[in-house]
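Okay, got some structures for you below.
Here chain A shows up in two complexes: once beside chain B, once beside chain C.
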Partner chain A sequence: MFSTELVIQTAISGVMIGVLYALMALGITFIYSIMRMINWAMGEFYMIGSYLQYVLVAFLLGPDLWWLAIIVSTAGVFVFGLVVQWGLLKPIFKKPPEARDDYATVVTLALLLLLRSLATGLAGPNQFTPGSTLPIVMVGPLPVAGARLAAFVFALVALGLFWALLRYTWYGLALRATSQSRVGVQTAGIDVLAVDRIAFGIGVGLAGLAGALLAPVFLVFPTNGLITTVKGFEIVVIGGLGSIPGALIAGVLLGVVESFGAAFIDSAYQNIYGFVFVLLILVFRPHGLFGERGREA
Partner chain B sequence: MAAALETVGLRKRFGGLLATNDVSLQVEKGEMRGLIGPNGAGKTTLVNLVTGVYAPDAGEVKLSGTSLTGRSMHEIARLGLVRSFQVTRLFGSMTVRENLITAYLARESHVHGAGATARADRMIDLTKLGHLSETQAKKLSGGQRALLQMACGFMVPGSCYVLDEPFAGINPVIKDTIIDMIVQVNREHGATFLVVSHEMSIIRRLCPKVTVMMEGKVAAHGTLDEVARLPEVIAGYLGKALE
Partner chain C sequence: MRKLGVLLAGALLAALPIQASVQAQEIGIGLDIPLSAPGDATGGQLIRRGAEIGIDMANASGGALGKKFKLYVTDSQSTPAMGVANYRRLVGEDHVVAVTGFFHSSVALGINEVAKEMGVPTLAVQASASDITAKHYDIAFRTHAVDPVRVAAWMEFIKKKGFKKISIIAETTDYGIGLTDETIAQNKSGNFGLDIQKIAVDNKATDFTAQLLQIKAFKPDLVLNIAVGQPVDLIMDQATTIGLLPNTPMLISYDAPTRPQYWQLHPKNGTGIYFIAYYSPKSPLSDLGQEFSKAYKEKYKEDPVYGALNGFGAIMILQQAIKAANSTEPKALIKALETGTFKSWPDAQVTFPRADGVYFHNWVPPILIVQYTKANQDWKEADVIVSYSKK
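Coming up: the complex of A and B.
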């Protein structure tokens, strides 16, 4: 009954959705690795990305320019991230580091409530979809909705750019150094708050990108960031907090686990399989697949 | 002419502990000053106040006459005041070469690429870390880390160096390499040094004058031999005369 074709199809669809989950997880883990704080409003940046995509495609650019809309939406969320860091987080990070992450938790939770209420107030509790004119494409034996394939390809390109930024640019060097020692970079002469700003912008930009890419698939509504955020955190736990390769690999793993669970056990429990996987990881590797056991401040 | 480094009435309190109490000292341009004192005398607190890690409760720090009050750590570093840490703050998962290049670009970010690589090569030669240039910093030995930290500080010559225990717990060969680097930067660039150390033989070799701190205050000032004879200094070191 487990035909090879079905297994391959399931694997492909798992990998395709897993890469998009990984974007979310990467954003969470990247911001954590630089700023040592969890951005609890990650799903709301995803939500803003999806609304921007909807507005751009439905009213301004049209469905044929969906790719331009994705770039503009991502850039919009990036810029909003810069503003949030500047206005809400920088004042916290200027002070001595006591209880900094506690303040950051309160601020980002408040932001979560504010943005969700704002979305409900402005657009109502309705569900929108930007629609997609992309045709169904065959990926090996699996017919895939064009929007899903486009999202997958876009996500891969974004991950490639992200990697190149970290690996080959001066900013990348500064970002990596900051994730190793915040005191070290400051004594070397790097403005750590400016690094934070870029890191926060990129981190939420990844969430915004995921939101824009998944808008035609998972729809646009005020709390649409919730499920992807939960998956983002599951991935971070599986991969290890602060580990970028961990986020990528765990993202794909989670996608595949869910996909196989849905195909071979019961699709009604799709969101449960990830949690079971997380529990297993916590039992056997409490610090995640690639996480560090401890790190110096 | 303004002193290269000057502190005026620096005070810092941690709860009930007055870690530094009214510390005033002047280090002239090109001078190599030793800063000694028993454990808990407030030496590291002073270093942290001078380099902007802590804000003082009272007093101020001046670098060549410019007040450092209210400036952040990276601004102070960019003014040319470079420090080393007792516990090295390297970028562990980055290679020796990447650590050096980061130190360069952090100070000269308008200069991209070429200059940094050439300078990093020269530092790798100087420190004899050539065989380790692509090794992650966290895999180095304690002495090699101290050496790398010092080399990072010398990637862009600073005007003033504050070194906190640069020789603690490292082998004599690496000690000599670090001393050579210090002497060279001092001669070539007229850089000023404030060196915190318990190693009296090295302090004697490097520093014509020393400042002694005790219980948060400046207790004495002079050549090492002069201060070593002072009864209050001997008393502060628990009755043990300096070697």
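Coming up: the complex of A and C.
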């Protein structure tokens, strides 16, 4: 059972799924690093991305233009994120910071329930798939669905673009500065609420991108963002809240741990291995692999 | 302020008899089904469709005891805790006289533990774990295939095909574990001599590649896909990707492929799949079944599948039992169900005798193993490979 081929196949499979998990985690941790709030409705933005991908591919653009559908779906979720931030979150952030986290939690949980119920009401509980015309390809000894490989490559490109945006643009500089000190940014004359809006749009856009990329791989249904969101939060804990490199590395680690656990220990506990890993990290590095130790007055 | 309080109390008191009188005008039936993930929401929706038409037909035929029926629908999400909470609410707040539905065995098993204390009978229409009826609880009834019969059907199929190495990929629920254990038990007791690989999976997982790679390495003659809901489709797709399908035959443990979205989900890898079914259009329907089928086609523009038929059948059975008992009192209803003979959708009488073992309070439909032999094939045209009835 422990053949070299199986070990390599399992490792490749783990890395590929880990990068896709990381995309979700990145959205969560990015929003947190800027706005200091957890968006509990991330899974629903993932779900919207997957439904948009399905509708675009199945009814408007066709399967050959899947890549265009991914861009449009991501943009659609980004715009929806801007609207949500403007309509639901900005009023909270205009007020003094007391209980801001609590309000944001209530608002995003309410949004989660609303969006999930809307999806069930509009599309029914059935699952759908946009399908894929991409052929199966060999990655080393592992046959991989074309859609999954495309999702992996797209995710890497998106992560690269995201890094470049943060590193080389004025907006990136503003975003990084806001993550360090919201007050400091305001004193420099930057509209911090506008930065919030862009950050929230980008964060949920990453979730929407993950949803669109994984729509042909993991199907489209009202609660399809749930598992990916749970993985996203696990990764955030492992990598460290607010750490972008941490999200990527922790995503890959989680994917590999789960794959090897399922393949070589007991497949029944695939989701448990991730939680055990999280617990170990919390015991030995409570702030995560790349998280910064908090200061308390 | 005190005056306002008195007025409010008076209004509440005045409203109470009205509420009680409204409830007395109807007979409530609970329907607990999965309507969201990780439950098989499509399965739940099909049962609901059948039950709703059943309520309409029951009311059109005069209801029972001079009252109309009302359906109270709850979503179990396939979670026993949610199912139990739903049952308590249905009985305690909605005052239903029976609770039917139940797609996931774990939910039915959990509910029955509470139902035996609260006393309101349950009628499971698509949950198959043996213990649902094998525990011999007075309140537990079922109109569905039980594990031993389902496994006997696929053991006959395996023997017929001459398969020797079998991989079982099963979810870690009462359904998956029950069917896996029963397969291993029948392999031993029936001296089939099969080499069985057992792979358990979490039904909330989405990536089964690691498990399927293990199966591929085992080189089985047949893969038994004992998952429910989305995992069934994900296992099929991921097995295709790694080259397990179509080279190795796969048998799906229930009738998911009869659903309308099957070919939308599996346009390329749906052909060749074997699956369990409990009804074929070639099977004769009762008068009630034909009437239902007509109403269903008019409403949904497609043929009813087993889940809808059985959801409908449950309402018909309960209507007849309430009439026979001339009461909605739980003990009288249970007695009527145990001793009566009922008409449902199949052209066969339905009974719930206090029989031995798993067949206690259990009516079992015949089991079919069918195969899609070409793409986009209508499930009604699929080849019937094995037709098995309880011996």
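We take it that the second predicted complex is superposed on the first by the 293 of 297 C-alpha atoms of A that agree within 3 Å, B and C clash if a C-alpha of one lies under 4 Å from a C-alpha of the other, contacts with A are read in each partner's own complex, and residues count from 1 in each chain.
Here is the rule we go by: contacts are C-beta pairs under 8 Å (C-beta built on N, C-alpha and C of every residue); 3 or more make two chains touch, one makes a residue touch a chain.
These numbers were taken from a predicted model, which means no experiment stands behind them.
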Overlay on chain A: chain C relative to chain B, clash or fit: fit
If we overlay the two complexes on their shared chain A, which of chain B and chain C does A:Leu6 touch? Say first, second, both or neither. second
Of the partners chain B and chain C, which touch A:Asn271 in the superposed model: first, second, both, neither? second
Tell me which partner A:Val283 touches in the superposition: chain B (first), chain C (second), both or neither. neither
What is the contact status of A:Leu122 with respect to chain B (first) and chain C (second): first, second, both, or neither? neither
Spatial angle chain C-chain A-chain B, Cα centroids [nearest 10 degrees]: 140
Touch check for A:Met138: first (chain B), second (chain C), both, or neither? neither
Using the superposition on chain A described above, determine whether A:Arg176 touches chain B (first), chain C (second), both, or neither. first
Which chain makes contact with more of the residues of chain A, chain B or else chain C? C
Which partner chains sit in contact with A:Ala188 here, chain B, chain C, both or neither? Use first/second/both/neither. first
Please work out how little space separates the C-alpha atoms of chain B and chain C at their nearest point after superposition, in whole Å. 33
On chain A, the footprints of chain B and chain C overlap at residues none
Chain A residues touching chain C in their complex are 1, 3, 6, 9-10, 13-14, 17, 116, 120, 124-129, 131, 136, 142-145, 148, 217-219, 221-224, 226-228, 258-260, 262-263, 266-271
Chain A-facing residues of chain C, complex: 35-38, 41-42, 44-45, 172, 199-202, 204-207, 209-211, 213-214, 217, 230, 233-234, 237-238, 241-243, 261, 264-265, 267
So, in the complex, the side of chain A touching chain B is made of residues 170, 173-174, 176-177, 180-181, 183-192
Chain B residues within the chain A interface of the complex: 51, 53, 72-74, 77-78, 82-83, 85, 89-94, 98, 101-103, 105-107, 109, 112, 152
